[in-house]
Each structure stands twice: as C-alpha cells, then as structure tokens.
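Heads up, there are several structures right after this.
Paired with subunit B in one complex and with subunit C in the other, subunit A is shared by the two complexes that follow.
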Partner chain A sequence: MAADIRPKRPFRWHIGVFLAPAVLVYTAIMILPLAGTLQLSLFRNIEQHQVFVGLENFRMLFGDPNWSVGFWNALRNNTWFFIIHMLVQNPIGVMLAALLSSPKLRFAAFYRTAIFVPTILSFVIVGFAWKLILSPLWGVAPHLMDLVGLKSLFTPWLGKEQYALTALSLISVWQFVGIPMMLIYAALLSIPEEVIEAAECDGITGLSQFWKIKLPLILPSIGIISILTFVGNFNAFDLIYTAQGALAGPNYSTDILGTFLYRAFFGFQLQVGDPNMGAAIATMMFLIILGGVCVYLFLVQTRLRRYQF
Partner chain B sequence: MSIATRSVPRTIGAHAILLTYTVIALFPVILVIMNSFKSRAGIFGAPLTPPTPKTFDLIGYTTVIGQGDFIHYFQNSLVVTVASLFFVLLFGAMAAFALSEYRFRGNSLMGLYLALGIMIPIRLGTVAILQLMVASGLVNTLTALILVYTAQGLPLAVFILSEFMKQVSDDLKNAGRIDGLSEYTIFFRLVLPLVRPSMATVAVFTMIPIWNDLWFPLILAPSEETKTVTLGAQLFLGQFVTNWNAILAALSLAIMPVLILYVIFSRQLIRGITSGAVK
Partner chain C sequence: MTTKLLTALLLGTSILGSAGVASAADVTLNIESWRGDDLAIWKDKLIPAFEAKNPGIKVVFAPSAPTEYDAALGAKLAAGSAGDLITCRPFDKSLELFKKGNLADLSALPGMENFSPVAKSAWQTDDGKASFCVPMASVIHGFIYNKDAFDKLGIKVPETRDEFFAALDKIKADGTYIPMAMGTKDLWEAATMGYQNIGPNYWKGEDGRAALIKGDQKLTDKDWVAPYEELAKWKPYLGDGFEAQTYPDSQNLFTLGRAAIYPAGSWEIGLFNTQAQFKMGAFPPPVEKAGDTCYISDHTDIGMGLNAASKNADAAKTFLSWVASPDFATIYANALPGFFSLNSAPVKMEDPLAQEFVSWRGKCKSTIRSTYQILSRGTPNLENETWVESANVINGTDTPEAAAKKLQTGLDSWYKPAK
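Then we have the complex of A and B:
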C-alpha cells in the first residue's frame, strides 16, 4: 500500500516458522544426544555419581584386556566386513549396472526390480532365511552344491569360526548389491549419447569402451558408493544380531563394533551393562565414520574429476 | 549403432549373467515362501519342489497366527512408519522450502548443519537418546520411536527436497505474492503440489529403513505393547527355532507385505533413484 512505511526488510518470521520444526526435532533427538554420548564417554559412574575421568574410558578400551581384546577383535572383524563389501558388492554392482544399461536390452526393468528385492527386506528376514538355507539340518545348501558336484566343500559356514564372518559379509553383500547397482545405473544413464557415439566413431566399443569412456565418467558415483558402504558397514548391527545373536558367535568371531557396543551398553548374560563404556565405543565409531567421511570429502572427492555435460 | 553393441553372443552373455544374478537374488525369498506352505515332511523331504497336494499344509500359518500377536505388532509398525513418514515429509519440506526459497544469513550453514545427519548415523547417539527417553518417560511408547525416526529421516529429506524445490519456477511464486498470497499459502498450495513426485521418492527412501529397523525398537520400545513387526518376528523366530513350519510361515508373513508394496511402488522408487535424486 502507498501509506506503507515499513523498513526495507521486515523480520521474516515465516522463515523461522518453516525451519523451526525440523531444526528442533533434529537438534533435540539427533545432535544433542550425539554430543551427549561423546560427553558421557569422558565420565564414569562411581558410587552412583557421574565423575569426570578424562580419557580413562578410552585407555581402558585400548589397554585393559577385559575390553581391548573385544574391541580390537570387533574392529578387525568390522574392517574385514568392509573389505568384503568393497571387493565383492561394489564390483558386482558396477557389472550388473553396466549390463543393465546396455542399449536395447530386453527385460531390463524386470532384472532391475528383481535384483533390488533383497535390499528392501528386513535384516531379520534375510538373516533367518540364510541361516535356514545354510543349515546342515535342512540340507538345501549341500543339496544345491551336490548338483554342481561340490558337495564335499560344504561345511556349516555360519557355525565355524574361520568362515562365519565371511559368510555373513557375503549375505550382507547379497542383500545390498542393489544399491550400488542402482546408483551406478543412474550414473551410466546420464552419460550423453554423443560421448558414446564419438567413442564408437573412434572404434572404441564393448569392454574397452567401458574401461576407457564410461568408468572414468562414473568414478564420482563409485566414490559416493564407497563412502556409503563405509558408513553403513561401520554402523552395522542388525544382520549379525539376527543371525548370530548378541554374542556374535561362534566365539565372538563375527563380533563387529555394533554388536560390541550393544553388549557393552546393555550388558548380556554375565556382562553388566555400562553406559559410559558404551558411550566410549560409540565415540570411537563416530570418530572412525567421521574419519572416513573426511577422507572422502577432502581427499577423494576433490581429486575426482567431475564432468559437466 | 555399431555391430559390436548388437552382437548376438554379447546379448546372450548379458542375459545369462543378469538372469543368474536374478536367480541368486530371488532364490532365498522364493524358497522360504514356497516351503512355508508345506508339511514338515515336505520341507525336509523335498525342499526345492513347490508344494504338491501331498505336501501342502498350512500348519505353519495356523501356529503363527495362534501364537504370536502379529496383527498387533503389525499395527504398531504401521503407526510408527506412517506417523514418522508424515512428520519427515512435512517438516522436511518446510525446512527445504525455507532453505531453497529465501536468502538469509546463515542459510548455507543451516543447510550444512542439517546435512550432517546424512553421513553420521543417529544410532551412535543411542546411549544419550535412551537417557533422554527415560528422563521424559517415553520409554516403551511408540512416540519415542516416531521422534527418533523423524530425526533420522529429516536430513536426507531436506537435502533431496531442497534440490527439487529450487526447480519450482520463481514466476509462479512471485505471481502468487502479487496476488497477495501469504508465504504459507504459497508453500502449501503452490509449491507442495508441484514437488509431489519427489515427495513420493523421499517417502519410499524413508519408509524402508524405518519399517525394517531392529535397533531402536529393541532398545527404546521392547515391551509387548509396543513391539514392531520386525522385533516381534525376531523374538518369535528365536523362540521357535525347532518349529520349521512356524518359522517359514512367520518369515513369509514378514516378507509379503513389503514385497507387495515394493511391486506397487517399485517404479516410483527406481525412477526416484535413477532421476538423479540421490547424486
């Protein structure tokens, strides 16, 4: 209105109103508890009082055999868990995506949908279904291996210390291969037709086209998948818990940081729960994940060339 | 098109690999569902054959429905998922609108702050979340789960939705402003309907981890009253280790609703992923 003599920019309440709910819930339920957990890791409960003990909990976690044996074991297992994912899940995902994206492939939608099915299932279903299949009681796995003449190689993988972790990692790979497949598939679809045609004019086709043209173009997506895998793996819990229980048997051979945290925090059977040690383990997981994310953001992402079309 | 990309052996090879992997992906699911309709003798005698009139048996399903309170667990899961989804979408869209529409001091800082949660899993704060819920008396309520899942879903929702909201035409919004619409009306009546497809994508991404989560139900709401279907299935499976009929039936009951929803929404989900929503 003409008579309006407001200052040039009145305080815009609506911005606050739009932001407030999300920021409040996010801060109260996510950021503050995260900070609280980091803080708790510096305290210890002595005679019903929280006493500041500095890095004492971490010294115990790394040095006291009661804790350190379990911790290093969990960290080592977790690293192996991650390595298997990187070596098996992501290459298979890239390969499937490359095949799916080949032009004029029939039934592509069907394959895509079917291969993604395990990803939407809950860990409980996946863990148990595989437990049943690999169980020597039911005999599905030995029977199948007999068909290809490998029956002698069958052992109850989930029950043997030396195989259990690898078997579980592969089950997890089976479940999540759909994610790298989809993301890479999306990246491959976004490569413009002209680039591919230019390559074909130069006589670069088939596999060498994939290695020389497509792969460099999808490297940023592979970087994202690697960091997603890293975060997901170092935060994993559910599959091990469903398939092997909180004790991550046999003899802790499948114990990863998630299950270790669960036992430390809540206690299990003879072990008494200790929130402060739980917080210390969660802090270590936080630092590991943060480290991974930083490596990705500052070392990997900045060096990957992004192509703009 | 060059000859190489169309050659027959290459196509056959591609189909062979994809088909093999499809079989690997579907085999366990089909095996479980197939055997859940069989008698015990059928399950162990011929696990790989579909149920025949001789081996067909619904004993597993009658046990599950008789023993576990699955309908109740199912309701809990539904309430938690739908409520969290509603808050994630509403709050997420509002925040995304504020971040993408207005220039204000601290805008990009706020965006960064909200994006932190995409990379750092909320699970790491569990110790303090449990203390918070104990202090506020929310342990063993569905509210606790809804709050946690809302916080968990918000970062990605804000991130994806603000990308899409940037694409809504400024002319439209300014036309609305000239017509005297308030900012709230512009958001709810003009912008929200336009970003509905991306809301659906976010909904699917948010829904799957919430429905399947085991960690928070186990820690925050393990009571009989508030068990979700995932936790219920986990405990039920633990109790019935030797009753294979019941286990297979319970697994199938847990698989089927998700599978049906997936078949209905898979187009939406896959379009969401491949349209570059998650880059």
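Then we have the complex of A and C:
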C-alpha cells in the first residue's frame, strides 16, 4: 500500500547539473582528442586529401621494416626504461619512506623536502643539468670520480650506445623518486598505532616489523605506484628529448615510444611530419597502456588484500 | 601554448601599432621569418635602406621562434593571417607551400636573373621551371683553425689530405691542443660538418649529387663510401669523451683555444669573432693531390617568397626585386658575416674570415648538401639517417661500408629514380 501512494521520485536534475562541468571539460580535452587520434590513424593523406584506409597504417607500422624496426626498438627501450624504474625507483622510494617514518630520525622534514624537490623541477632543467654534470669536458662527475680515484671508471655515458638509456633512466629515477616516497610515507603514517603496539607486544620489532606488518599494509599503495610508474614511463618523452634530441641518439639507443611518436607525427629536420602514422603509433601507445592498466586492475588489484581498521 | 598565444598577441599589437603610425596611403608589408637573431639588422639597416628608396612602402620584420616557425606559418597561411613576405626554408618545406598555392610563382620577377641555377635550385619545382623564392644567403663548409696554434707548432695550412692528417698528428703529438673539436652527441655535427663538408671532394660536387638523384650512382659506390672512411680516421683526433660532446661544447672548446681545428660552417664566423681571443684562419676541405679540382658545400639556406594571398602583391614584388639586388646583398652579407649572398654580382665584405670562405667560390666548384634535394622526401628520411650513420661511423659502431649500405637500402625502399 505504502508503495502505491508514495509520490513518484522527481527526476534528480542536480546530479546532471553537478556532473556537467567535469563531463564537459573532460570530454572536450580528453575524450574528443583521443577519439580524434583513433580516427586519424585510420586515414591517410593522399594527394592532399584524407582518405579512409582502414588498418593500412597499422599494417605498415608492423609490416614495413622501415617502421617496425623503429617501433620494436622503441618498445624494447621503453620496457627497459620501465624495468629500471621498477627495480630502482620504487624500492628506493619505499626504503626512504620507511626511514623517514622512523620516529628517531631528526630533520625528517628537511630530507623529505630535499628529496621531493627534483620532482617539481622542469624536465628541461633536469636534462640540461645532468648533461652538464656528466659532460666529459666540463662536468663535475669526472672530477669528483678523480678525487676518489675512480677516474678510470668514467665514460661519456650519455654518448655510449650501451649505457645511454640506463643513464637516462637513472636520471629519471633521481628526479621522480620523491613520488613513491611521498605516497608510501603517507601510507605508513596511516597505519594505526594499535597495530604497531600489538606487534610489539608479540615481540615483532625493527626490520621484521617492517617486513611482516608494515609492508603487507602498504601493498595497495605500492600497486598504485607501480601503475603510475607504468603509465608515466610509457608516456615519457621530455627527458629523452631534452637530453638526447628527437633522434634519440646514439644510434637510436635511447629512442622510446614518445620520441618515436614525436618524429613520426611532427617530423624532424627534413623529415616531414606524417600525422596519420603518428596517430597510429599514438594508438598503439594507448593500447599498450590500456592493456597494462587492465592487467593490473583485473589480475593484481582484486587479489590485494585490504585491511579495514 | 601560452607563449604562442602571447607571441601572437604581441605580434598582433606590434602590427596594429605600426599600421596606426603609417599614413593612410602607405602600404605595410609584413615579413615572416624564423631568424629572430636578425631582428636588429632588419630594423636598423635593411628596412631603412629599402624605405629610403621606396617611399610609401613600410616594412615590418616579424620573426617567430625557429622551432615554431614552420607550424606557426602553416597555421597562419591556413587562416589567411600570414604576412606578405615569407622567409623560405630550402627545398621540400617551401616546395610544399608552393604546391599548396601558398607561395606565388616568382620566375618572372625582375632580379631573378642575378642568380645562378645552383642558387635557385633550393626553391624550384623539380623540373626547374618555376622559381618561388628569391635566394638570400648560403653557408659554406670548411675548416676554421687556430692561427696561433698553427704558428706555434710550425704547421702550414694543409691543402691535401696527407698534409691534413700530418698536421693532426703533429698537434696530437705536441699535446697542447685537442687536434679537432667535434662531438657526435648531437649527431648532426658528424653529418653536416663531417660528411657533407669533406664529401663533395670525393663525389665531385654537383656531378655526383645529380648522378645520385638520377640513380646512376649509389651511396654504396666508392665515391660515397670514401668520405665515411676518412671520417672513421678522425676518431683518434677528437677530444676525450667526444661521444658525449655536444655542438655548443665543440664551439666552446675551439673558442677557448683548447682545440686547433674546427670543422665548420661559415655561420660560426659571427659568434667566433666575438668569442675567440686568438687569430683564426680557414681552409677548404683538403683534396687528394695538390692541384686537384676542389669542391665545396655552398649550401643554400635561406630565401624569401611572396604569400600568394597577399593584398599588397605589387609592393611586395618591389621589395623582393630589391632583395634580389646587389644593394641588399652587400648590406646583408656584411651585417651577417658567414651568410653569403647568392647574388652573381661580387659582394665586397669586410670580415677577413668571411672573405677567406667566400674566396673558395672562385677556385672551387660549389655544390649543396647531397641529401637535401628530393632524396629526403620519404621514410626513412635520408638526411636524418645520414646524421645517425655519420655518428655511428665515427663512434666505430658501424663500418663505412655498413653505414653506406644501410643508407642505400633505406633510400631504395621508397625512392625510384626517374629514368
């Protein structure tokens, strides 16, 4: 009976009204360009006209060795770039956060700020500063290594094919290590005192407390950081461009998807840009990132145990 | 984005501002350019000289940043807001604008007869029938050397390759100076100051270049591999850590007096004159035997065309004819030593280093960089690949033969010479 007489719920306009600004802005600056890119990748410029060619651009990207060799090289380099970040940046970030959250540490705020500062620097400054630091002619690196007797280990890293990409990855790690540190630091601070106290009562202290109590509790944060690193690395471009130029030398050894896309889309020197092939590469980047994020969301995140306090 | 907007706003106000000052009958011409460095020269020297002779025509030089020029110009042309006069990049970038109808045909412009076919080749259709930009300046490749260092070590200016390497050996043995200031980090130094600098002597300038375009010669032929073999020999004479040495590093090494020889483009003259504290000289790329014909890269670099949509086409043509005149050439070449006029009329220049460079035109045959015309239209791009491979050859990553083979394979994949 009650259901019959209850007045029909009025349409809730306010939901739409409040969502509208975000939806409009997001559509205009994210969804439309993305759709435009996908569309562009299916066309080709023939005699000054955009002609629909289906998946022809993708066939060329993977079938024509002039493109596919560059693409796989960029993907390989990008994967290495990501691996270095996962193996170096994130463990160091966790370690720094663990040290910072230790109540015995003095000047914690100072360290926190100092380590985070590079993150807010411009890529141009970072790239240029490191180029100077590592310069074999005027850099401080050869001089400092000379002081401790390691001059013989110095090589012009950024100019050597076998080292350049790793050196750049480590520069990027130096710049961004503050982000995992901050996120983990926040996660560590949010662990309730009672849990720690209970652990201490059970005799778990020091390092084993970190491994057995704290690390499991911050695993979801580490997952988030991994996925942020993944997305950030596969979208990276700026550091390589400022340090090595658009041709990502020597011999394309530092070419990642971002620089490969840049050269294809905008062209370089005498190479005229080809927006359609560029869009095809951008689409592949989108799919790679989408795939990676999906793997994380459906396979990893659902298995992470969450603790409610 | 904000800088672009700001630039656009500033440009807008400057144009409006000057239009307001000009009297009603006057025509105002706007010049699009990427040469922001030349702003003072245009404002203080070139434009007053033109306006004094042509009352009623006002000229405004409105440059944008080099890296943004092509994109900004394209957008302005599409929107119909581009200036009347357009500074032309050489070869395909301008050819594309001409084909789209953005640049007017200037073949019949009075003054065009002042230029040689090589000078005009950068701004012509492939068949050479239509010219669309007035050639303004070229840059010449060669070697600049530290005269004090040469005097101290008792080295005379090398003319042949044997003398050249003997000089390098002597400098290296002495140890005071790095024999040659060049790095491979930025890639283009190896290609432009290396390969394109010494190459014309091997492939015989225009003859080899034309044969390559026609398909009669291949990059794997002896004449095209030999410059790579010479480049590979340069490696021991470069400074420590040359693999990570950038172009500004090389410039500084030389102007600080730490290196003896600098593989150069003539555009360096202006900067080197202000920075170097020692006497400098220059020599063209050494030939094989004394008395051989020498070839130099005298590369067409900058020209000026007429926006086909210009409302002041007649005034603009008057201006372009002036640009084609010896008057303009004299002012321009002296204001910018190292950017040489392409005008057939001899231009008197004050700068001794610039004089030295331009004197080679008399005794050597001129050509342009081999990769610029037609051959860099496809993917992979021959010019960009030449950068990478030249650096590879010097670094020792690739042998000269392997590098040449890669370039030829890349070129073959899209370029079919017209038979």
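The definition used in the following text is that the second predicted complex is superposed on the first by the 284 of 309 C-alpha atoms of A that agree within 3 Å, B and C clash if a C-alpha of one lies under 4 Å from a C-alpha of the other, contacts with A are read in each partner's own complex, and residues count from 1 in each chain.
Following the convention adopted for this analysis, a contact is a pair of C-beta atoms (placed from the backbone, for glycine too) under 8 Å apart; a residue touches a chain by one contact, two chains touch by 3 or more.
Owing to the predicted nature of the structure, the values given are computational and were not obtained by experimental measurement.
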item: Touched partner set for A:Tyr252, first subunit B, second subunit C, both or neither; value: second
item: Subunit B versus subunit C as contact partner of A:Leu40, first or second or both or neither; value: first
item: First (subunit B), second (subunit C), both or neither touched by A:Trp72; value: neither
item: Contacts of A:Phe298 with subunit B and subunit C, given as first, second, both or neither; value: neither
item: Which of subunit B and subunit C A:Gln269 touches, first, second, both or neither; value: second
item: Contact breadth on subunit A, by residue count: subunit C or subunit B; value: B
item: Which of subunit B and subunit C A:Ser122 touches, first, second, both or neither; value: first
item: Partner chain(s) touched by A:Gly206 [first = subunit B, second = subunit C, both, neither]; value: first
item: On subunit A, the residue positions that both subunit B and subunit C contact, one per complex; value: 138, 266
item: Subunit A contact footprint on subunit C (complex, rising order); value: 71, 91-93, 96, 100, 183-188, 239-246, 249, 252-253, 371-372, 376-377, 379-384, 387-388, 391-392, 395, 397-398, 410, 413-414
item: Touching residues on subunit A, where the partner in the complex is subunit C; value: 48, 64, 66-67, 131, 134-138, 142, 155-161, 244-245, 247, 249-252, 263, 266, 268-272, 274, 277
item: Residues of subunit A defined as touching subunit B within the complex; value: 12, 14-15, 17-19, 21-23, 25-26, 28-37, 40, 92, 95-96, 99-100, 102-105, 107, 109-126, 128-130, 132-133, 138-140, 143-144, 174, 177-178, 182-183, 185-186, 189-190, 200, 205-206, 224, 227, 231, 235, 237-238, 241-242, 258, 261, 265-266, 275, 278-279, 282-283, 285-286, 289-290, 293
item: Residues of subunit B touching subunit A in the complex; value: 1-2, 4-6, 10-11, 14-15, 17-19, 21-22, 24-26, 28-29, 31-32, 43-44, 47-48, 87, 90-92, 94-95, 97-99, 102, 104, 110, 113-114, 116-117, 119-129, 131-132, 147-148, 150-152, 154-155, 158, 182-184, 187, 208, 211-215, 219, 230, 233-234, 237, 244, 247-248, 251, 254-255, 258-259, 262-263, 266, 269-270, 273-276, 278-279
